[in-house]
Structures are given as C-alpha cells and as structure tokens.
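Heads up, there are several structures right after this.
Two complexes, one shared chain (chain A), two partners (chain B, chain C).
For the complex of A and B:
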C-alpha cells in the first residue's frame, strides 16, 4: 500500500484584493474536498514580501504554485474553474 | 508629496497623456488576465496594481479602518507628524461634557497639540502634560505614552486613560491618540485601596479565604501582626494552619456558614500566643459571594483585655460574695469548728472555689494541722492529715503553705500547669485546679493558721482578689480571736476556776439539756447535791489555800468516781452537784451512792502533810418524780440536803413517790452496818411469868439498836432490813452469843438463871451452819443449853416442815429448848404439829387481844391451850397487857404469860435487878 503524496502549495496574493481573496478561498475549498489531511499551503502577500515574488518569478497575483509532488505547476487567477485547476495540478487522476 | 516634483499645471498636457496611457494599459491588462489577476510585475519586480483592484482595495481598507476605530470603546484620533488631526472615530466627535482633551472642537484638521497647549481651565495642566507626551512619541523619543487624567463633572468624577502610539515604528509619520474611559476601573481600584486601607486600619485581624481553593485572598495588617508574619508569607500559607483548624473541618464550617445564609454567632476562644501567654480571641465569620465565588471573611479580635477585665469582675464578685458570706458567718457563729467548716462551705458555694482547707499551726509540733476542708481529695487529705512540717529543709518545708506561715505573707501560684514548685501540682491539675493561694491567719502578729484556696481558673489570684482575700483571712483571724476570748469569758461564766468543773449556771443548763434527753427517752434522771461537812472548819483552821486544795482534791476524786466531768459541778463554796442522766432503778442508784459515799468518807485527803477524812451529806432529787425542770430539781435536792443535815442522815431523797420511810430505810441500812461494828446493838429482856406461881420463869431476848443520834430504834424497823440485806446472819449470831453470855453471867453472879428465849430468823434457820453456831455458842455446856430457848415462828417452820423438823431435832439434841412463836397464824396442820420436836407453844398476841372481844375468841384460846397440853407442850401467851387477860388465861390453865401487864422489855442490868436478884414479885 503506497503512501499518498502530500501536496505543498504556495499562493502569492496582493493584500485583500478581490481575486487574491477569491483564490485563497477556492484553494482552501479544493484542498478540503480532495486533499484532506495531505496538504500544506503557504500564503505570501507580495506587497509585504515583494522579494520572494521576484525570486520565484511571479509576474501576477494571485498565482498558485504546486511545489510537490513534482513536477512544479503554476496557475494564475482566482482558481474558480475547479476542473481546470484539478487537471493542471494533476489532481484529477490522484483524486479518482 | 515630493518637493522635487514640478508644480502642477505646467505639464498638464503630458499628465493627461500619461493618464490616458495608464487607462489603456490597465484595460489591456484586464483583457490579458481575464479579470482573474489583481497585480502584475515586470521583470525588475516593479508591481502594478490594476485599477479595479486598487479601487476595491482602497474602499475595503477605509471601511475596515473606520469600522475598527468605531468599534473600539474609546475616543480615537489619528495625528500626523505635526500633531494635526488626520481622522477621528465616531466617539471622538461626541461631546463628553467637561473633558478638556477630546470632543467635537478637536476635529479633523486642527492641531491637537496646539489646542492642548492653549487649554485653560481646571484640566490645563493635564492637557499640557498630554501634549508633551504626544510630542515625545511623534519625535520618536519614546515608544509610546500614556497618562491618566480626571475629568471633573458636577455630579461625578470620571477618569480617562490617554495613550499615544506611533503610526509606524521606523519613521515619524504620526500617532494614534486614544482616550479610554477608565472611571469604573479607577473607582474599583480606589475602592480596593480604600477597602484595603480600611482593613489595615482596624485592629481586628481579617482573613479572606477563597472557599473553592481554600487559599487566602487577602489578609490585613492586624492579621500579619497577630501571626507575626509578612503579608506575603501569610498569604502564601495555609488558612488551616493559620486558623489552627484542620482543613476538612474548616471547609465544613465554611460550607455550613454559606448554607445557613447568616453570619455565625461570635465565639470566644482561648489561643496560645507566640509570646507564651494565652490570649482570648473573639471569632466572627461572614460569607460573601463575589464573581460567582464564595469568600469567607474571618475576623479575629483580641479580646484578652476585655475578657480578663470580665473575669476580674467575675472573680472579684465571687470573692466579694464569699467575703460577705463569711462576715455573716462571723457574726453568727460562736464555735471555732463551725466557723472553719462553714467558711469552707461558703468558699466553695459562694466563692466558687474548687477546693479549700484551713489548717492551724501547732507550735510545739511545728506543723500545720488541717481542721476543716471542702472538696479535698482523699489522697491529698491523706498526705496533709498528719500536718505539714514547717521546718525549713524538710520534705514539706518549702511548700507554699510552709512559706506562708514562715513569712507571714500570702503565697500564690496562678498557673499550676507544669508548676513543679507546687506540691501535688499534677494531681491538682488533673482535678481541674489551675491556680492556688495560701493565706496566713494572723492574730497579734503571730501566724496561727492558713487558708488554702484552689481555683478552677488560671490567673485567679491577682492584686484585687488578694486584697479582698487578705481582708477575709483578717476577718477569720479576728473571729478566731473573738471566739477564743468569748470561750474564755464563757469559761469564766460557766466554770469554776478553782476546780475546773462547771459552775452552778452551766450545771443547771446541762441538767436542763439532760432532762430534755431523758424525757424523750422516757428515762429517769437523778440530781445529787453534795455538802462537805466541816469544810468551813478546815478553811478556818488550816487557811483558805488548804481549803482550796481540798476542793480541788474532792473535785478530782468525784470526777474519777463519776467518770465524766461533764456530769459534775461545783455549785457553791462547799457544795458539789452530780447529775446522772440515764437511770433505770432508783434503788440501784441509791446503792451506788451509798457505796460511793462510803468510799469517799474513807478516802485519805492530803492537806498540809496530814491525812483528812471528809464526811459528806447528799440531797437527791429525781426527775420526773421530784420535778421536771432543772431549777425545781435543784431546789428539791437542796431541800433534801437540808433535811439530811437536820436528820443526820448521810443522804436523803426529796421524793414525792418514794416515801421518806424508804429513804430513811436506806439510811438505816447503812447505819445498821456500822451498828454491829460499833456495838450499837443491844438485847432487851422481857420476863415470862408462871401463872400459877407468879414466878419469873424465863425471858425473851429482844434486839434493839441504840442509834447514837436518835436513841433506841424499834425492832420492827430494823429486823426486815437485817433480813433483806443478809446482815441477820451476823446480828443473829451476835444475839445468840449475847444471850448465852447473859445466862452464864447470871449463873456466875448467883442470880436466878432463867431460861432466855432467842428469836430465830428464817435466814438463820435455813443456814446449814446454824446448828454448829449454836453448839459453838453453848460450848457443849448442858447447863447453858438448858438455859437457852429458840423461838421459831410457826410460819417459818411450816415453810419447809421436813427441813425444819431435821434442824429442830438437831437443836433439841443439843439440849436447847424450842418454842413455836406466833402460834395460830401459821396454818399448821395438827399432824405436823404433833411431829415437831418442840417444848413450848406461844399463843400469838392477836388471839390474846381477841379473847376479850367475845366467846369465840375465848374458845379459840381455850382450844389452843388444851391442844398444847394434850401434846405435852408448855403454853405461853404473848402480848398480855391487861389484868382481865391474865385472869382469863389463868382460868384457861395457860402455863405462862408475857406482856406489858407483867413487864416491858428492859436492858439486862435492869432485868437482873428487877427480876433475878430478889424474891418473886407478887402481882
């Protein structure tokens, strides 16, 4: 029986802007639904920590980065289209 | 705004171009990101916030900030670096009456600091202090600033807390100024401080215990002092330990208190203080509910002073009550022992003492002898009964008691617990005794005794009590002295100093007492008064000292004889009194008296080296016969004594029931005893005459007592006494010998030796040695035997005929004649009469008297004479007193006669001269 992988996310936002708040909310809902007990989310406000955004090459907010399991994937936007997000992150197969 | 920027207006066209380009770019970015993105970055990290996000963000921030500021219960303003008001919350804009530091006047755009500096009025000082503080924050000198300031309102005083906080830490961008109404908190603090100060101001120790945790939450200063601890240490310690109650018990007490809903009644308890003294504490408890938790307030008040004062009053009252009781006693009591035992009773009843004993000092033994006590345990009494030795260095020589006597000062032990200086302190302590005092009884500077008092309480004997007790012992000592003096006076009033016997007054008093006793016991009582004869002569001739000496000796002799000095008294100069309180038969008493008096008269009293024998006379009175009260009895005894002196009797009884004759008879008996010794008895001779010849043919010897005082005493008086007392043996023998001697004398002197008849008493006849006595008297001389006749009464012979016949035969064989005396009175049967070995028959005088009264009497005498003659008996008629009687008897052939008609009984010499010497007298 293989251990199921832990998903590590990094979400870059811009303070309380509408899309950023939306993205954070959608990510939380998605993790709760599909990755209960096996996810970690780090939220980075680019206004407070612009250097990290620059270092990661983030060009827009909100941007979600899936760090593990590899390969790294990025999704920009409010993460409203759940199917596309699942597909992009490779979660559709995993969650099935 | 940067100062380097060109002034607006100069590049107006360019600005419009840029804005247009910005809007276009923004629209393009929105298109590119499909509205999903808020910010974009270029490669250098420069960000661009999309217009829509910018607008949304600004609106959100402003709303959020306003909401936060308005939500806070404080007056808030944001100042810029210069102190200008940038924004305010809703509350700031509201008017707070009387507050000098915020309000509508301090609106946006005003310089808050300047306004504060310009403030005038009561709060100006606080306003300037606030401005200075805020300035230092804006200047970055201090991190933040806060101050409290009051706000005086007409009705109440409010308090505010002002805080100034920089907007950012790294630059002087401004500050947030906030005023919070802290009135309630401040009031709470003030209340708490006042409360604590008030608690500390009271001298009662207060402990606040939180019931759930059973920990102290507050203690006051007095509590710290009482426990001798700092507040910190005390708060940290356990209430159970501090309040000296196990924690479970304490919790239970608290719960009961909480449940009851009322304060517990104050209790007074005794506690041991750290300084070693016991303290009295009043304890109160009160439960209160604060913030949903129960707190129990325990208040301890040191009431030692009050309690001690109360106890002092109680103790003093008790001693006062005792003093009063004993003083009443002193007035009433006349007896020392009663004084002591009653004083002890008063001490325990009125004084409430646990125990008391009174001891007297025995100077010769150097001891204290207990004389009265109450509440003294047996074991202790056992120890002190033999007395405390007073000598220093001995086992009990240094006790409180001994010291009290030696130093003539009270000794006190106010706490017996562990007090090894007190004898039996452990036993006393176990018996509930806590303190004791020994007070000396001092009379005329000498300690005569001690009063030892034992109290239930510690610290009983203090100055006040000791002062009263000293007064009390002084009173008791006074009473002892008084009673002793009274006793001395009583002694003088009731005693004869010379002999130590009771005097007349006491004798009468005692007699009265004995009479009461005798009356209740239905017994008799006899009172004797003794008169010493010739006492006056002794006093006169030998001098008064000799007389006194004699009285003392007599008193001692009587005391010894009576056996109890209380029954004796010297009632007059030479008179003594004796009372015998319990007698049964008067005769026994008289016998005893007689015996005693005989012993008395023969006792050799020594006076001036010479021996004296003292005679005495006694007057007797008997209760109830001779009087039922002491005075009457005494008076009657005196009268009896007087009579005895007159009559010459040794003792006389004043008797109403007992005849004078009886009394005389006793005297007689006594005298008869001496009569024989003193040769006071004599024989009288009465002639018998032959009726035919007229010759004197015989004589009857008759006994007489020649009383030297009264002369001749009739044989009727003395014969029964001689018979009863047994003296007849001796007297009878004497008479027999005397008669024989007379007969011999007559023969020797050539006189007509007529036969002498001697009466024989029953006692003589029953005596086994009687025949031998007769033989001895006649000395086997036939002629003497023939001259002797024994007259025996008919009744005596008939008492025991058989024995009589034997004795009579033996007598007859000796040659002695026998006559039956008093014939006719003894109911003898003829058959007996015929067998009796007798010679003569004497007709009783009663027949001779009756003979003249009628024919029957004459016939009777005639018959007797004929009967006697038929039995060959000689007949003698007795009691012939008249001529007629003698003639009749001659006619009846009577042989002889005897009686006053012919001759009275006369002394021997007269008889010899009259009847024996010459020729027969003719009638």
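For the complex of A and C:
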C-alpha cells in the first residue's frame, strides 16, 4: 500500500463567489483527510483565464476535474455532498 | 470595460428579428440590449425562432451572435436547420458561434453551483467576435440542475445582469407546455416572466386534426404590440408569422389600371376589366365554368407577358391545362415559356395558414403579378370559420400589398347559400369584384348565367349574361327577356333566329320597294324629258311663226309701197 496513486485535481472557480470558495475549502479538507501527501490541486479562475475554461468545456462553476488516477471525472458544485464526492473519486473504497 | 453608449432613453431601440411577420407585430423586433423570453411546449419552434433571429442578425444586420445550446448539441441544431437555407455554416466562421453547454451525463453534481464559468467564457467570446445577440436555448435544462428555487433565481439574475452590462440582445427559450405542468405554472420559472422585457409564447395545438401554431407576445416593456394570437408556420425558409394587415401599407397603392378578365364582353361589363391588384371572387355551384373564367384571366395575363401562378386544389395542373384547351384557352405555351406556373395544391397539406404561406412563397418565388386560386374555398376545409376568415383576409391584404391581381374561385353548395350568394370564408365582403355564376334550368336545358354582384369603384352592367363555352373560347351573350322570363340557350337561340328571319324579311321587302320606286322615278324622268323636248319644239315653232309673220308683213308693206311708186299716184309717206 506504499505506492498509492497521486491524485491530480484541477478546480475551476469563479473568483471568490460563495460556491467557489466553499468548493475550494471542501476540497482542501477532503484532501487533508484522505489524500494527505498525495494530491496536487491546480486552481483556475475562469474570469482570469476564460480561454482555458472554454477549451475545457467548463460551463458551471465550480467544477472539479480529477485528472488522475484512472478515468477523468468531473464534479460540479460546492462539493458539500462529501459522500457523493468520495464515491465519484473512488475514495470510499480506498478509505475503508 | 468601456460600455457602449446607448441612445437617449426617449425611444426603445429594437433589434429586427428578420422573422416574417414578427417584426410587424412588435413594431420592429426584439428590445435591443435586453432579454426576451420565448416559452413554448415541445416542438413549438422555439429553437428555430431563436436561431433564425441570430442568423438574420449575423447576415442582414451586422450583429454577430452566440447560440448557447443547453439541450440539443449544436451540430444537430445546425443539421436540423440546414433545410431552411440560412447558410449557417458560412456564418459560423465569423459571425455565429455555437457553444455546447449540455449537462454532461457523466458529470456528477455535488452541491450548489453557478453559471460563472460559462458566462466568463461567453464574455470572452462575445468580446472577441463583437457579438450583439445571444440565445440561451432551453435554459430550463440547466436551471433544473440547481438545487433550489433560490439558486435558480440567483442564476437567472446573474445572467440578466451579465447581459445588461454587455447590452446584448438576448433570447431565453424555456419549455412550457401542457404536458409539463412544472414549467407552465408560475413556479419555478415564473419569475423569469417578470425579469425579461419581452415575453413571447408559442403554442402548438391540433384543431380538428389539423396542426395549428400560434405565437403571442405576452408583454413588451415600453412598446406597443399586437396582443392577439397570430398563427404561424414553419415553412421552407423558417418561421413565418401571419399578420392580418401591415398598417398603412395595404391601402397605400391604389391604382386605376385595368387588367383584362380574358373575356372581352366581361371587360366591357366591368367598364374595362378588373382593377390591377384587385381581389376578384368568382362563385358558383360545381360546373359553372369558374375554372374556365379564371383560366381565361390567366391566359390574358400571360398574353400581356405578366407572370402568373395558378393554384389548383381540385385537379392536377396538366389536367387543368387539358380541360381548358377544350374551350380554346391555351395555357401550355405559357407553362413552357415559364410565364405560367401551375401548382397542384393537393400536394400542399396542413392548415389553411400553412397553405397560405406556401401559396405566398410560390407566388413570390415566381414573381407573380397575377394569381389564381381555384378554389379558395378549399382553404376553409377543416378550419374554424373565424380562422378561415382571417386566412382569406390575409390573402387579400397580402396580394394587395404585393400588387398582385388575385382571382379566386369559390365553390358554393348547390343546396344552400345559392340564393344568398354568400361564399365560404366570407371572402365576398372582402373581394373587390364578385362575379356569380349559376345554372338556369329551363325548357329541359341547363344554361350558364353570369352576373356581376359587385365591383367596387366600377360602373358595371346589371345584366345577367349567358356564358357560352365553345372551342373558340368563352363568350358572353345577351339574354332575352320575354314576358318577365329570362331566355337562355336554345330558347334564346330560337328567339334570336326568329328575330333574324323577321329582320331579313323586312330587309328584302324594303329593297323591293326601293327598286319599284326607282323604276317609277325613272319612268317619270323619261316622260318629263319628252315633254320638255316637245315644249322646246313648240317654242321654236312659235318663234319661227312670229318671225315669218313679221317678214311677210314687211314684204307686204314693201310691195304696196313699190306698187304705189310704180303707180306714182301717191307721195311716199313716212311710217
């Protein structure tokens, strides 16, 4: 279990809107709890970098994109539904 | 960001939609720089309307646009709109952008979200392409993902603010149909009705098995608009909203020009023919030569070189041509030369409104100056009376504004309405000239009678004429009235020939008398000459006699003097 995968995330936020701020803190908390030392988070502000958001097909903010491991997954919303997030990221089995 | 300075607040500026009829209803189009809500059930034409608004803006009004597709993929939307000929693919390069924003089925939602991501991207694009128009198609799709009403409301206001700052003219389309009570009720999107400046509702219903589409402007802030439901169809070129009258246009172009009806005597009866751009109605029971009369008009029109369309609901175009050939109306040559277009309207299906739109499109495509619809009463089938009347009204208004001379035939039921002469669609009150054809059954014959019931602005003959069809063409004959009865057909012919014989007899008798008189005159002349000659002879004789007498007298006198001299008895005496 020493070589557990490193989680790479890309979080698209809309400046400091409520949902985006919530999502960022929820993600940070989740990573701290379950993925300590094995996660990378890239935060992109759609207002600062609209081209990138457009290219990635980001329509709603916040959007969390899990790049690795495994298939890419997208979660939209403030990530308040932790169980749902864990399940989508495949962390529920992992954590158990 | 520097905002574009808007015009003084005195007048609301409008963005023409370029949708046929819609700009007339709203007095110029959608509110510029503001949001319009377009609500309707499935298959109402919301997407088509919105897309047409963008395409027209990009192509005709130099206003690039963005189409945000929440439901269907943009590729499918473009493919579906291909048949309308809007050249979307050409426009797509610079002036028309499609943004796919369908919720990804694999996308997981965890918690509240907002549309900032999309709006940020759109703002960037809009700036890049200088977009002036934007459409959010099926906004309900994305709103329904939001967890609660407050969130929906928040996002709609966010969108609204975003639009206002950028002064984009926007259309939101929303599903609202009888089948989906969630969307019809004021909740959850009712607040949108209050937010937008203009709200348009599309409905699609089936009346008596015929599809009817209607458009209604529900509200329009700061502008007057036609508040009634207007039927519309989605035709070959897209949306087409029926409007009853373009104010100030239908009456504007009145003319005194006459066009021939194709029947010489009818022209005379009408004081020169139909008026140009008039609506002529020919009514009659079946078989009274309505088609023939309209065919004669078409022939005359083509003969003048005017482009003409004949729409025939009853029979095929070639059949009509063949049948008309039998009465000396030759239309084939005009079809060949391209002047005449025959349309078999049996191929036109759908509501009366759809028929009307098709007919209009055909006439416009053919650049027709004359239009024949045979029979127009076919439009009344399977539509309610009010609607049919509206169709007829629009047909006539349209033909007048296009300066097309319109000849409609209308079938009358033999059992009813014949006496009144009322026609289906109540078109008779709208028509400028109304010619009625009927049969007169008399003495074992059925003859066609024609009368002009009305002809606006024309002194017209009050007489019923007999309509005679022969292979030489259509003619009108005077009818005879004898003892208060109208004579037609054979009886008229008999009467005519009797009159002709009587006239001939009288003519011959007159000639004979003249000859006799001539002879008598000649004889008298001769006699006169003889007497005159005799008179001259007598005068000569008389003169001769006088001179002889004088000379004899002189001789006698001279002789007596001589004698006296010889005798020498008396002295010469002076006389």
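By our rule, the second predicted complex is superposed on the first by the 94 of 96 C-alpha atoms of A that agree within 3 Å, B and C clash if a C-alpha of one lies under 4 Å from a C-alpha of the other, contacts with A are read in each partner's own complex, and residues count from 1 in each chain.
Following the convention adopted for this analysis, contacts are C-beta pairs under 8 Å (C-beta built on N, C-alpha and C of every residue); 3 or more make two chains touch, one makes a residue touch a chain.
For clarity, every value in this text was computed on a predicted model and none was experimentally measured.
The partner that reaches more residues of chain A, of the two candidates chain B and chain C, is C.
In the superposition on chain A, A:58 makes contact with both chain B and chain C.
Of the two partner chains placed around the shared chain by superposition, chain B and chain C are both touched by A:50. Looking at the shared chain after the overlay, A:31 reaches neither chain B nor chain C. Judged by the touch definition given at the top, the superposed model places A:74 against chain C, while chain B stays out of reach.
Look at A:16: by the touch rule set out above, it reaches chain B but stays clear of chain C.
By the touch criterion defined above, A:88 lies against chain C but remains apart from chain B after alignment on the C-alpha atoms of chain A. Across the two superposed structures, the residue set of chain A contacted by chain B and also by chain C is 14-15, 17-20, 46-47, 50-51, 53-54, 58-62, 76-78, 80. Interface residues of chain A facing chain C in the complex, by the touch rule stated above, are 12, 14-15, 17-20, 22-23, 26, 46-47, 50-51, 53-54, 57-63, 73-82, 84-85, 88.
Across the complex, chain A is touched by residues 100-101, 103-104, 106-118, 120-121, 123-125, 142, 145 of chain C.
Contacts from chain B toward chain A in the complex involve residues 33-42, 44-45, 47, 49, 52-53, 56-57, 60-61.
Across the complex, chain B is touched by residues 13-20, 46-47, 50-51, 53-54, 58-62, 76-78, 80 of chain A.
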